[in-house]
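Data block below; observations after.
When the chains are written out, they are named A, B and C in that same order, and each has its own residue count from 1.
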Amino acid sequence: MSRQSTRHPSPSTGASRKGTPGKPRPRQQPSRVWQGLKRNPLSVVGLVVVVFFLLLAVVGPYLTPYDPTAQDLRAALQPPSRAHFFGTDSLGCDVFSRVIAGARYSVPSGFVVVAAAVIIGLLIGSVAGFAGGWTDEILMRVTDLFLAFPSLILAMAIAGALGPSLPNALAAIAVTWWPAYARLVRGEVLRVKQAQYVEAARALGVTPARILWVHVLPNCMAPVVVAATLDLGSVILTAAGLSFIGFGAQPPEPEWGAMINAGRAYLGSQAWIIAFPGLAVLTCVMGFNLFGDGLRDALDPRSVRNQGSSASKNA
Amino acid sequence: MAAMPKAPRVSAQWRNVGRIVARRLGLSVFLLIGITTMTFVLSHVVPGDPVATMLGDRGTPREIARMRSQLGLDRPLPLQYASYLWNLAHLRLGTSIRTRRPVLKDLADYFPATLELSTCALLLSLALGIPLGIASALRRDRPLDHAARLFSLGGVSMPVFWLALVLLALCYGRWDILPAGGRLSDFTLPPPHVTGLLLVDSLLANDWVAFRDAAWHLIAPSICLGYLTTATLARQVRAQMLEVLNQDYIRMARGLGLSEPVVILKYALKNAMLPVITVIGLSYGSLLSGAVLTETIFSWPGIGRYAVGSSISLDFPALMGVTLLIAVLYGVVNLCVDLLYLVLDPRIRDGAAREIE
Amino acid sequence: MSTLLEVRGLNVSFDAVRVVHDIDLTLERGETLGIVGETGSGKSVSSSALMGLLPVPPARVRAATLSFDGRSLLRGNELDLRAVGRERGRGMAMIFQDPSSALNPLFTIGDVLMAVIRRHRKLRGTALRTCAVELLEAVGLPSPSHILDSYPHQLSGGMKQRTAIAMTLAAKPSLLIADEPTTALDATVATQVLALLADLQRESGVAMLFISHDLGVVSRVCSRVAVMYAGRIVEEAPVDTLFRAPSHPYTRGLFAARPHLRLPSMLGERRVEHHERRALLAIPGSVPTPAQLPAGCAFHPRCYHATADCNARVPVLETLPTPPQALTGHSELHPARVACFHPVLNAPPQGD
């Protein structure tokens, strides 16, 4: 008879990503993740929104009724109508076309920055966690350094020095965004490193690089994927914010933050100019957040453990 | 028979406190040196020429060269770096190229506005986010929980600058119940400068008119700045609370017949708040440094707006000053978080638990 | 004796998966009842359900009758959490398996202990502290006033379990539910804590529901034992009847799987004599999951005695024909009952 655990089955509580040391998370089959996602209708809504904006980013520019940067001063500041669904801005550009075209700026921004941050974070975090000792200490202190560096200020400094543009802004965001991943990955590596199969691989003489690549990293990916999904939204917000204060995309580029900035003067009278790009940012980010939350609940090791607790214990 | 409880002596506890504080201070010093180096390198390898920007059309090559040597920009980089560090050690942060005033003086002028705003935003988030998180956890999957989660989702998804503009359009433009921006109305006399925090200064001067006016001006920017933090806190508290409520010690406390308010608000909340403290610290740190957008929209004369102005005019001494200030603030906030952990968690006090990173 | 706890038809389910099926339990005032079963048999879940400690959105607790001290704890046929809440502490209290997780790490022992005393005994000031010290003394803890100011992490496992027991005693409950109170402890400490519980039970006359996976442990503190399998009680008998002649094949399997077991009177010293060594007989197969219970008797796939009818119907608990040698001295109130179509009658354990 085995020792009894008093844990009762309980669905996931979300958020915290503590793991039991030495216990590898069960690797998730995609179908199982999908099952978990489907149980939560909101995360499906999130997925739909995400897919919608992804499609918009890919094919959006071909769908716009007008050229998003074509000015027509005779048609400036028109309220929403059948000809211009979202009205026109102060230069006569069609806001609807610009909002659609804006997806091509914001959505890839998120992916580029998060991809860069994940890659750097994986590199630094896995080496720090796997090597330990002084390497770990030095790498993590450098990470702290970048973590304490205010991202907006850095972005502004870079924009000031190299000239404001969206790529410069994204570079600045990426520079301050990777430390979070380095810490996350390091923690995960430390946890997985103690697992018995890693010990076994080491005892068998498998090279450290191969252990890290084949045995450790794949088992660290679940929380990284969740954090990345949630971060996509935050990066889109930050990039839009930088464009809004003029350190990112520059007018007449149809970027949502820049559009809102350009429409500020017409806040009281022609609210549609800023209302629609703002709603676009809000919806897009909300989609990523909903999807990320759902993904986290579906991948949460504890929720998986608890669901399968009675099944796996005696098997 | 069981042995005596192995309670560490008080002196051992103080040694632990000392060790943790010393470690944190050491890290802070390292962080400061690192950040100043980074800012220095950044500001000196970039192609832009602040002097040319500053002088604009008047900048004849001779004029620019004279100005450069006056600012010490023509000396070799290592020398410039050494003198920069030397000056830093004596709290001389240099002179702002844009305002032509000592950076330290500028910061002293602009920082209280930011401090006041972020503190109000933080207090607002604490007052709203924590109860919301608790209620949400206790009414899990009921309408209240759904509403609270929707509200939090909005908070983490809302573009702050857009929310600020919408608030302005409605509360100022349409209903005229809130001011357009700034810290005080034009016709309100500022209270005598003591701390720079208008709420505090006006109270010290017993000036209720100024106090009311300052508070009135704080409402909209605090809401904008605090929404994200409120949402983050509500989510964190909810998740932690759900986790703690499932713990044996809470089931034990309930099983002992202790009243539900005592179980929740005393025994569960303290445990749930422990990891949240880190989040609060991080949030406060980013509130202090991340008020750029809100300050810009509400014409709030804080360091965020100062930084925007400085970077437009390539005013690197000012930017370095701001960065340094923010790094110091991070250090201070982190130290406070560490100390709070020491106060709240006896295991850390005894050195029995691993310290928090 | 009068009935303290009466449970008829208790059902517990999580998200529509039933984990406890139609359990009947009766506990007299001052009586000790053991519940034995493997992990996942539903014994801990039932006790937590009685205390109203299951998280209610996923969990659902229903019963035909559930009365404590003459008061019903049901509203309709659902557990009334308010009513249970009123009984907790003063009426029934619970000791948990792992004392390390059952004590709040951020509060001193004294803080929680005195909160319980304040709540249930209405004491204040010095009287309060004195009472706390006395309680800690009563559970055999050295330098109680020192322990009052200690945090759980400063105590050893045995001391933690003792303080947990002191906390439950502080409420003066009439029913103590002990959920594997010694499982997480070292063998020697476990023996001490077990002895303490038995002493306290004798002195204070508190009724006890003692949950364990260990027949030997149960036999040391309990007068009656209920054996659970897959969410059902499969056998219930006075402890010496059960030890003399376990009749359910599952119970017999439990005995056979134990390394060494003697009659209750001889337990206490764990001496294994060499000639008694024998092969351990494991029960074949494994406990079914609550979501996929076999039809009929849940034990039939693992049972040597199973026949076609075991597959068809769920056997209910029925009183056994009393063996003549067991007639003496036993209350007719709770005769031995077994839920099996083919009980093994009058055979000593290990015979299988």
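Keep this in mind: a contact is a pair of C-beta atoms (placed from the backbone, for glycine too) under 8 Å apart; a residue touches a chain by one contact, two chains touch by 3 or more.
These figures come from a predicted structure and were not determined experimentally.
Novice: So, comparing C-alpha centroids, which chain is the farthest one from chain B?
Specialist: C
Novice: For which pair of chains is the number of C-beta contacts greatest?
Specialist: A-B
Novice: Need the CA-centroid distance for the pair chain B / chain C, whole Å please.
Specialist: Those two chain centres are 53 Å apart.
Novice: Counting only Cα atoms for the centres, state how far chain A is from chain C in Å.
Specialist: 49
Novice: Compute the distance, rounded to whole Å, between the mean C-alpha positions of chain A and chain B.
Specialist: Result: the chain centres lie 23 Å from each other.
Novice: For chain A, give me the residues that contact two or more of the other chains.
Specialist: 6, 10
Novice: Would you give the residues of chain B that are in contact with at least 2 other chains, written as numbers and ranges?
Specialist: Correct list: 246, 248.
Novice: Specify, in ascending order, the residues of chain C that touch 2 or more different other chains.
Specialist: 48, 55, 96, 98
Novice: Any idea which chain A residues touch chain B in the complex?
Specialist: 6, 10, 13-16, 141-142, 144-145, 148-150, 152-154, 156-162, 183, 233-234, 237, 240-241, 244-245, 247, 257, 260-261, 264, 267-268, 271, 274-275, 278, 281-282, 285-286, 289-290, 293
Novice: If we count contacts the way the header does, which residues on chain B are in touch with chain C in the complex?
Specialist: 1-8, 140-141, 245-260, 262, 267, 270-271, 274, 344-347, 350, 352-353
Novice: Which positions of chain B touch chain A when the two form their complex?
Specialist: For chain B paired with chain A, touching residues are 27, 30-31, 34-35, 38-39, 42-43, 46-48, 153-154, 156-162, 165-166, 168-169, 173-174, 235-236, 238-240, 242-243, 246, 248, 275, 289-290, 292-293, 296, 304, 307-308, 311-314, 316, 319, 322-323, 326-327, 330-331, 357.
Novice: Could you list, by residue number, the parts of chain C that touch chain B in their complex?
Specialist: Those residues of chain C that touch chain B are 48, 51-53, 55, 57, 85, 87-91, 93-94, 96, 98, 101-107, 112, 115-116, 119-120, 140-143, 146-147, 149-151, 153-156, 158-159, 162, 164, 167-168, 170-171, 189.
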